[in-house]
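Following this line, the structures themselves.
Two complexes are shown next, each including subunit A; its partner changes from subunit B in the first to subunit C in the second.
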Partner chain A sequence: MNFKELQKQLKAMEGVSKLSLVRDNVIKIDLERSTSKDFFIKMKEECYFEHCSLITAIDNQPNFELVYHLSCLSGELKVGDTKMAAMLEVHVNLERDSPSIDSVSDLWFGANWHEREAFDLMGIYFIGHPDLRRVLLPEGFAGHPLRKDYVYEIHEEEW
Partner chain B sequence: MAEMWISMGPQHPMTHGLWTLKVKVDGETITDADPELGYLHRSVEKMGERRKYFMNTTLTDRLCYASSTTWTHNYVLSVEELMNVEVPTRAQYIRTIMLEIQRLASHLMWAGAYMPDLGHITGALYFWRDRELFLNLLELPSGSRLLYNYIRIGGVKRDLPDGFEQKTERILSLFEQRLDEYADLFENSKIFRMRTEDVGKFTASQAMNMGITGPNLRGCGVKHDLRVEDTYEIYEEVDWNVSTREAGPGYSDCFSRYMVRIDEMRESVKIIRDCFKKMPKGPTMSSRVPVRASGEAFRRTEDSRGEALMYLVGDGSDRPYRWKIKSPMFTTISACPHYLKGYKVADIPAIMGSIDICIGETDK
Partner chain C sequence: MSAKGIRGNIDLRRGLGSKTTDREKIMEDGPAGDWLALRSDQLLKWIDDAVYNASEATGMREVVDRVTRPIFNFAQRFSPHPLHFGIMCCAIEMGQASAPDHDIDRLGLVYRSSPRQCDVLIVNGPVCEKLRPKLKTLYEQMPEPKWVIAMGECAISGGPYWDSYSVVAGADTFMPVDVYIPGCPVRPEALMHGFLTLQKKIREKEPGMFLRR
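== the complex of A and B ==
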């Protein structure tokens, strides 16, 4: 499959808007939250994005934003005549009141801990995640410290 | 026999840093595993939001003590992408040389740590003896042994010192003899091969899905290297090859993952030599380096352990609004239940050692 064909396909897909090229081998799009799961299934099954590089959660006060970086490692997705590996950057907006989205950890196992981290540090809920626990902070930690409205308090605990 | 959970770590010789691996065993056979992280969490991302862009290079150095240049370089590259900074050609060559020396040091550190995991204490001494040579080389331009802070936004801190090329060449030719020595000591050793062959197998498609990248993926025979596929600095212009190995069609074991790193060290030597040949004269620092940035940018680089990615969002001030670090080991450790299942408890150090864990970058 060619990179240009992929751009055409993406433009025609439901929920996709604002398609642009970040670099020669990176496409950036905005995606509707409601159609996200169907979109990611298609990306994995048909468009050769077999690796989920990163899931970033951003606190864009007031709303949250999730950024998915998907990449093709096998070289099936050709970028012109170059050896470059194709990448897709997907932005999804989430409401502050209910920051939740369908989990993609059943598609890419590598997304499992990225989602746990986004939950841990930013408080995003991933619906259908098999094991949504804190990963870096200890159990019982209150709050999500990467949120911009998180207030750091010094807790003095008795030993 | 009843199944039970055993907790290995956080202070276990296998863990290489602080983390806990809980394994569920049925007799001697592993049936499930549950890795736990967080013992070394220093909230680098949060700290970075409070510091100016150029200050963060001290934090990125401390992400991984075995491979600090590659992490600083990834951060600097992302910031340069965000700020549209042009880097002088000589600085790019110096960066590539430093990155490859760091890769050699990191792989030697890994190999030295891997041997005691397998009960081969002498191996550690051989590899770490040679790692010291490369640490000395890194110390010459940067002034410190482990945390260099040498690569800066817009170039490098200072030019290479006099006689650096000759010293490097001397060490590289010595090191090439040492690589042949390792072949006799380890690759041709029957005991080493018994411990590593057909242990910790995973296929290429599994690895991609689980988020395993870098040497561990190249050990499955996949020719994927971000130095070529998302090229940066001057890797395009230098003469070298991507090294791959496989244990069988499309899968890797501990031995192929060991061998791919040894091959990579030979390639690194080639890259460094070629860089010295082609390096032009000129400035080593960009004349214009902005302080503020807005927008968003990311770059991927080939870290010693796999795909490193930093995603930066700027809001027009002199500090990053959001800074996200992707560590290759974070996902590789998360997948360990998949590639541990079915092996014996005694294989755990051999398997977990072979994927080259660094907890500093993982816990951030």
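== the complex of A and C ==
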């Protein structure tokens, strides 16, 4: 498959909107939350995106935004004549009341800890995640501190 | 002499260290004064009490203290072994301090890897909520006498992370700190000055043989 063919294929897909090129080898798209799992399965199985580089959560008040960075390192998706790795930047908009989305940690195992981090700091629930615990903060921490409306307290201990 | 024989002997059972002379209460206490039935830490305390009481009663305590205090003080002052424990960038400076340029060994500072062999805990960086219980454990594992040095802004007050959700606002919020060294990061000379200040503090405090009294 070619990089241009991939763009055509993405445009025809259900739930995909606002396709644009960030750089020569990076496509940016917006994705509907409900069709996300089918989309990612197709990306993994048919479109050669065998590596999930990053999952980030952003708090654009009032809604949350998840950003997935997928990359094809095998060279199957040729970007012109160059040897650049094709990348895909997927933005998903989430409601603030119930920020949840299907987990992709069964497709890319590296996504496991990215999702745990997004859950830990931003409080986004990944449905079907095998082990959704806090990863950076201690157990029993209250709240999700990277949310814009989080109010911190200074903890002190007697000695 | 068998253990059974001692067990029956009330005078031995009472021991030098135990305060009470009430027979029935001693019987209730069980192995309180019986030094053969004690655990190791209880035995140490029993010996400590016995030596203290004997020296106090004979007036030898003052004499021994006068004689040994300068020796113990000298030894403590010139061999404060710090724990080899690094948190963040001040740890690099700590390593530089022990490098040939500022050879910190000449002050008697030898880094030890086990808290059981250490006298000084250097907190060299921001302490996050997840590290705090571990650092407290390390501090509690160190034998007395022990001192804590807060090295750098982060350990003093939290530094640039003072209002963070996960960084503790200063090491003195959860453990007693003896010397504060400002700097971001602390230069090796400043660390040496901190240890010299600690030496002064040890000299003034003059802990001797009977430190725990």
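What to note about this one:
In the analysis below, the second predicted complex is superposed on the first by the 156 of 159 C-alpha atoms of A that agree within 3 Å, B and C clash if a C-alpha of one lies under 4 Å from a C-alpha of the other, contacts with A are read in each partner's own complex, and residues count from 1 in each chain.
Methods note: a contact is a pair of C-beta atoms (placed from the backbone, for glycine too) under 8 Å apart; a residue touches a chain by one contact, two chains touch by 3 or more.
Computed from a prediction, not measured in an experiment: that's the story for all the values here.
Once the two complexes are overlaid on the shared chain, A:G128 sits clear of subunit B and of subunit C alike.
Legend: residue contacts after superposition of the two complexes on their common chain; A:L137 is shown touching both subunit B and subunit C.
By the touch criterion stated above, A:P62 is placed in contact with neither subunit B nor subunit C. In the superposition on chain A, A:K83 makes contact with subunit B only, while subunit C stays out of contact range.
By the touch criterion defined above, A:P145 lies against subunit B and subunit C together after alignment on the C-alpha atoms of chain A. Ranked by how many residues of subunit A each touches, subunit B and subunit C are led by B. When the two structures are aligned on the shared chain, A:G110 is found in touch with subunit B, with no touch to subunit C.
On subunit A, the surface patch touched by subunit B in one complex and by subunit C in the other comprises residues 136-138, 145. For subunit B in complex with subunit A, the touching residues are 37-38, 41, 43, 45-46, 204-205, 208-213, 217, 222-224, 226, 228-231, 298, 300, 307, 309, 311, 313, 321-322, 324, 326, 330-331, 334-335, 338, 363-364.
Of all residues in subunit C, those touching subunit A in their complex are 129-130, 132, 163-166, 168-169, 173-176.
Subunit A makes touch with subunit C in their complex at residues 136-138, 141, 145, 150, 152, 154-157, 159. Interface residues of subunit A facing subunit B in the complex, by the touch rule stated above, are 25, 50-54, 56, 58-59, 67, 69, 71, 73-75, 83-85, 87, 89, 108-114, 117, 121, 134-138, 145-146.
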